[in-house]
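Two complexes are shown next, each including chain A; its partner changes from chain B in the first to chain C in the second.
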Partner chain A sequence: MDIYRLAGRKFNIILLAIVLLLPLFISNLYYLHIINLAGIYTLITLGLNLLSGYTGQVSMGQAAYFAIGTYVSALLMIHFQISFWLAVPAAILAAGVFGALIGIPAMKLSGPYLVLATVGFGEITRLVILNWTAVTKGAAGLTAIPLPTFLSIKITSEQDFYYLIIAIVFVGTYIAYRLAHSKIGRTFSAIREDELAAEAMGVPVNMYKIAAFVISAMYAGMAGSLFGVFAGVASPDNFTFDDSVAFLCMSVVGGNRSIAGAIIGTFLLTVLSEALRTFQAYRLVIYGGILIFTVIYMPQGIYGMAPIFNKWIERQPFAKLLFWQKPSRE
Partner chain B sequence: MESTEEILQIKHISKRFGGLQALDNISLTVKTNTVHGIIGPNGAGKTTLFNVITGMIQPDDGKLLFLQRELPFLQPHKLVPAGIARTFQNIRLFESMTVLDNVLIGQHVHTPTPVISILLQGKKASHWERVAYDEAMQSLEFVGLTPKSGEIVKNLSYGQRRLVEFARALAAKPRLILLDEPAAGMNPTEKAHLLKIVLQLREKGYTIVLIEHDMKLVMQICQTITVLDHGNNIAEGQPEYIRKHPEVISAYLGKGE
Partner chain C sequence: MQYFLNGLPIGAIYAVVALSYSLIYTSSGVLNWSQGDMVMLGAYIGFTLTQVFHWSFTPALLASMVVVGLVGVIVQRLILKPLRERKAPPINVVIATLGVAIITRNIALAIWGPDAQVFPSPVGDKPLQLSMISVTHQDILVVCVGILVMAILQYFLKYTKEGKALRAVAQDRRAAVLMGVDTQKSDAVAFAASAALGASAGILVAPIFFVTFNMGAGIGLKGFVAAVIGGLGSIPGSIAGGFFLGTLESLAGGQISSGYRDAITFALLILVLWLKPSGLFITKSRQKV
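Let's look at the complex of A and B:
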């Protein structure tokens, strides 16, 4: 046990060092760009993990909150010259309000009906952005979204953004982890397992469901405001139904009920989707195939395979060199 | 003094489903620290009455008083804060969670952990988590499931799952426990264990209301029995009285020629 605990700490330190030093070793800015994008998507998946994985409320409309986050923060920065650090809370708040709005019908809906409601919300949001040209500039999209500054340092390069995104992802991961491994996460799980029984044990189920929607929307809103400044431009094409499906795929493939799984799934599928850029037309088909494979053969996602992988690696002669950590109960 | 003895009062409850009068002006009183059985043939209205008490169904008429205070209808999550916990006829547990986590949910309303403390790993969060853990382990010990606390519920046997439901209800620290057919599907050994638990609960000062088909069990553990038939309260009294009551006998066996 002690060896494992020590190995675990070493493992974490090595991981942290790799994360912090990564940009120094990646000279190809395109790769760094993809990693940054995956970091932004990770925030969405973390929220979705709490909503769909823990609380069991499947959402196929996360791109809408992502869009709301992007547009609210970008418009505030463009028209009112508000600093990025004030635009972010405004965007999170706006996304959260819309999360609550969708959470209210979710009190009555479940299963496929809830999924349809979230798909509808996603499409409506996209169409409003597309057609409300006076504010959103329609299909042309917003351009020249200002760059953020941090203590008078202008964040411009891919490396700068890398550290900004990693810092926010770190905070987001910490919050998600605390929520998931607390009374709140336990209550979310109970609602997923049996709403009626949770209600009978005194859990105000409707309140918790709305809270889960609001939390996931706030995560997506945070991701949205990062995306705006990172890309510099934003148009309705960035927030389609395909994107919502992709976010859900990332969460399920990585492991729908684990924070680590959300991160793994997001990075894997973001990289995969870039690698398969030439097959863009078949993206949804590929995602669908991966999703079906995951649901049937590894319902706990990639992270759920960790114990099996660990057992395999323990049997290898080089196991001790790898400081491999026994997975904690999640 | 009389009033403090009455923990639950059901007053003139009526419920009609289309052409069927499921409950017809039912009144009954449950006394503190008794085991009160509600029996009756199929379709007598037992489950409807239970659903009214547990906030699943809105009755057409009547009211419920718990400790002299009116209980709201259709708000099942207000029962536990009021002091009432229940079990389900067809066991409803959080299947893919551990036994301990299931029972911890029973502590939900008793651990007002502030969100900010959860996020900052504050003292309050760890305090309430420890309180909940201690209470949950006590409940598990009471039903004899301590060694199973880390197991996933769906891997347990039927009888053990019943006990988890019991422990979960106990962890909610109720005054009154509602049991919906607790012995359904249990073998004789498990029934004996259940009997022992119910009697121990009464000794500890709990009040228990149960719906049950197993007449032998009901006669053994109940102080008071209410018999329903066609939505009417046809008899109420001690087991000996009920056993000999002519209307009860005819309701169960049919009238003689």
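Let's look at the complex of A and C:
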């Protein structure tokens, strides 16, 4: 039983209304900027959850696919004046190809070896972007990435981007949810739990493992092309090892074996790392402390605490008022 | 030949860091990402002792190894122990050690500030010309101390009670428990020894590069790469991997392109992982990777 089922459809409608009306209540554009960024990162984390949470393959190189998505779509838009909506599929495709490229050597690996292979891929990508100055402009980065248009409306303000990003995150979440609850998602989980048993049951394990890499890379590629148009500039500094680590932390802190966990973890850590700026020098010390605390005391992430939270809320006298329906007890 | 020689000192440092990864990985099964930051901490403590308190090199090296070793024990007690008691998945352990790395790095930033510090070489950096090739005294010192540290580790593992316990746990954790080995203690010893190894690498590398709060990330990653190329968990493999990586980097940087040097290293790494996952220098595969 999860909180959504407990709350019923009304909860979903309230949530949807809050999400749609949010920009009207946030007058500070900086806050909206952070929310938009978290939305873009959510796409990466969704893919990462399918890869590391469901299939059990840890990747510390997601920033590489993020970078590939950004650069492919931005370069197409700058040099060939292609519209954003055509650049996106190209970026997703390119990221997917690289996902397969790293998925093939990765299918034999696990544990620290897999971690290192993905770290290595991330570093190679960053170094190629840094040194291939003829195309990528090196450390200076790409500037003046064109803005996207939607039905001849030019998307310029933070509010416009908010709706664009939220729409894509909705679609991404829906696809991830359907994938996770389909035969593919169940196969991913079977591979995570026992690879040999899955193989013995006739599952083409290697194919599914590569597929998981490709899917996660495509999500990061999508996020990358959004990031390019959203930020307007892109340089190798946006795609470092630390970023890959941050994505992995979001996935694990939120709870990497669920789709909701990706969203919770990403928004929480993105907002947290901004909110901690008041502590200045000790910001990252506190951030690290929170990471350690979460992985020790919430091994399944924050979403893993949902059953405990549900039990707690059921016991509260206001539970009925809150959800307008009797909590189900089987 | 010159490139080969240039690669030796940095190779020795990679070998020491690779050993520290291997030691923790075999004895407690933990991939410790904070290892690089122990290198940084060792370098800073060595820097403070020699430059601020004017200690000489050897006591500073030993003191720094002891202090960072204690930090290793604290990490094991505060973080690894509760994780192990809760049977946390390996990914959580990785994230926890990343958390330690973030905390260490930023505490160092708060203490020593963001500027790079110069750590003058204890033996001076006048180059020694030998016909065609030149080496600095610092390079010789690094290689000698590096080999000495590795020899001491070997002695510790082979002939002391704690070292034997560590090897027993590495071989078979459950059997070791049944034989009365205190695994918590052996984990603590492994963390302390690894952190101390890292600290010695830090002091050795400090005069070659500058001491900065984020130096640990690069060295830690290279040390890990060396450990995997050589075969994670094997001591001779880690040493060979370290020297191999050092000379390879020197060659790639000098002969091909300095910008792509690290990219070449990582490409080789992925190739090694793909073709020979147990490492270049291990003949028989001991475990499924």
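By definition in this document, the second predicted complex is superposed on the first by the 300 of 330 C-alpha atoms of A that agree within 3 Å, B and C clash if a C-alpha of one lies under 4 Å from a C-alpha of the other, contacts with A are read in each partner's own complex, and residues count from 1 in each chain.
In this section, a residue touches a chain if its C-beta (ideal position, glycine included) is under 8 Å from a C-beta of that chain, and two chains touch if they have at least 3 such contacts.
Since this is a predicted model, take the numbers as computed values, not measurements.
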item: First, second, both or neither for A:232, with chain B first and chain C second; value: neither
item: Partner chain in contact with A:127 - chain B first, chain C second, else both or neither; value: second
item: First, second, both or neither for A:89, with chain B first and chain C second; value: neither
item: Touching partner for A:113 - first (chain B), second (chain C), both, neither; value: second
item: Chain B versus chain C as contact partner of A:289, first or second or both or neither; value: second
item: Touching partner for A:200 - first (chain B), second (chain C), both, neither; value: first
item: Touched partner set for A:190, first chain B, second chain C, both or neither; value: first
item: Which of chain B and chain C A:146 touches, first, second, both or neither; value: neither
item: Which partner reaches more residues of chain A (counting touched residues only), chain B or chain C; value: C
item: On chain A, positions contacted by chain B and by chain C; value: none
item: Chain C residues touching chain A - in the complex, by the definition given at the top; value: 25, 31, 79, 82-83, 86, 88-96, 98-103, 105-107, 109-110, 217, 221, 224-225, 228, 232, 257, 259-260, 262-263, 266-267, 269-270, 273-274, 277, 289
item: Residue numbers on chain A that touch chain B, as the complex places them; value: 175, 178-179, 182-184, 186-187, 189-190, 193-194, 196-205
item: Chain A residues within the chain C interface of the complex; value: 52, 58, 102, 104-105, 108-113, 115-117, 119-121, 123-124, 127-128, 130-131, 241-242, 245, 248-249, 252-253, 256, 281-285, 287-289, 291-292, 295-296, 299
item: Residue numbers on chain B that touch chain A, as the complex places them; value: 54, 76-81, 85-86, 88, 92-97, 101-102, 104-106, 108-109, 111, 113, 115, 118-119, 121, 125, 128-129, 132, 168, 172
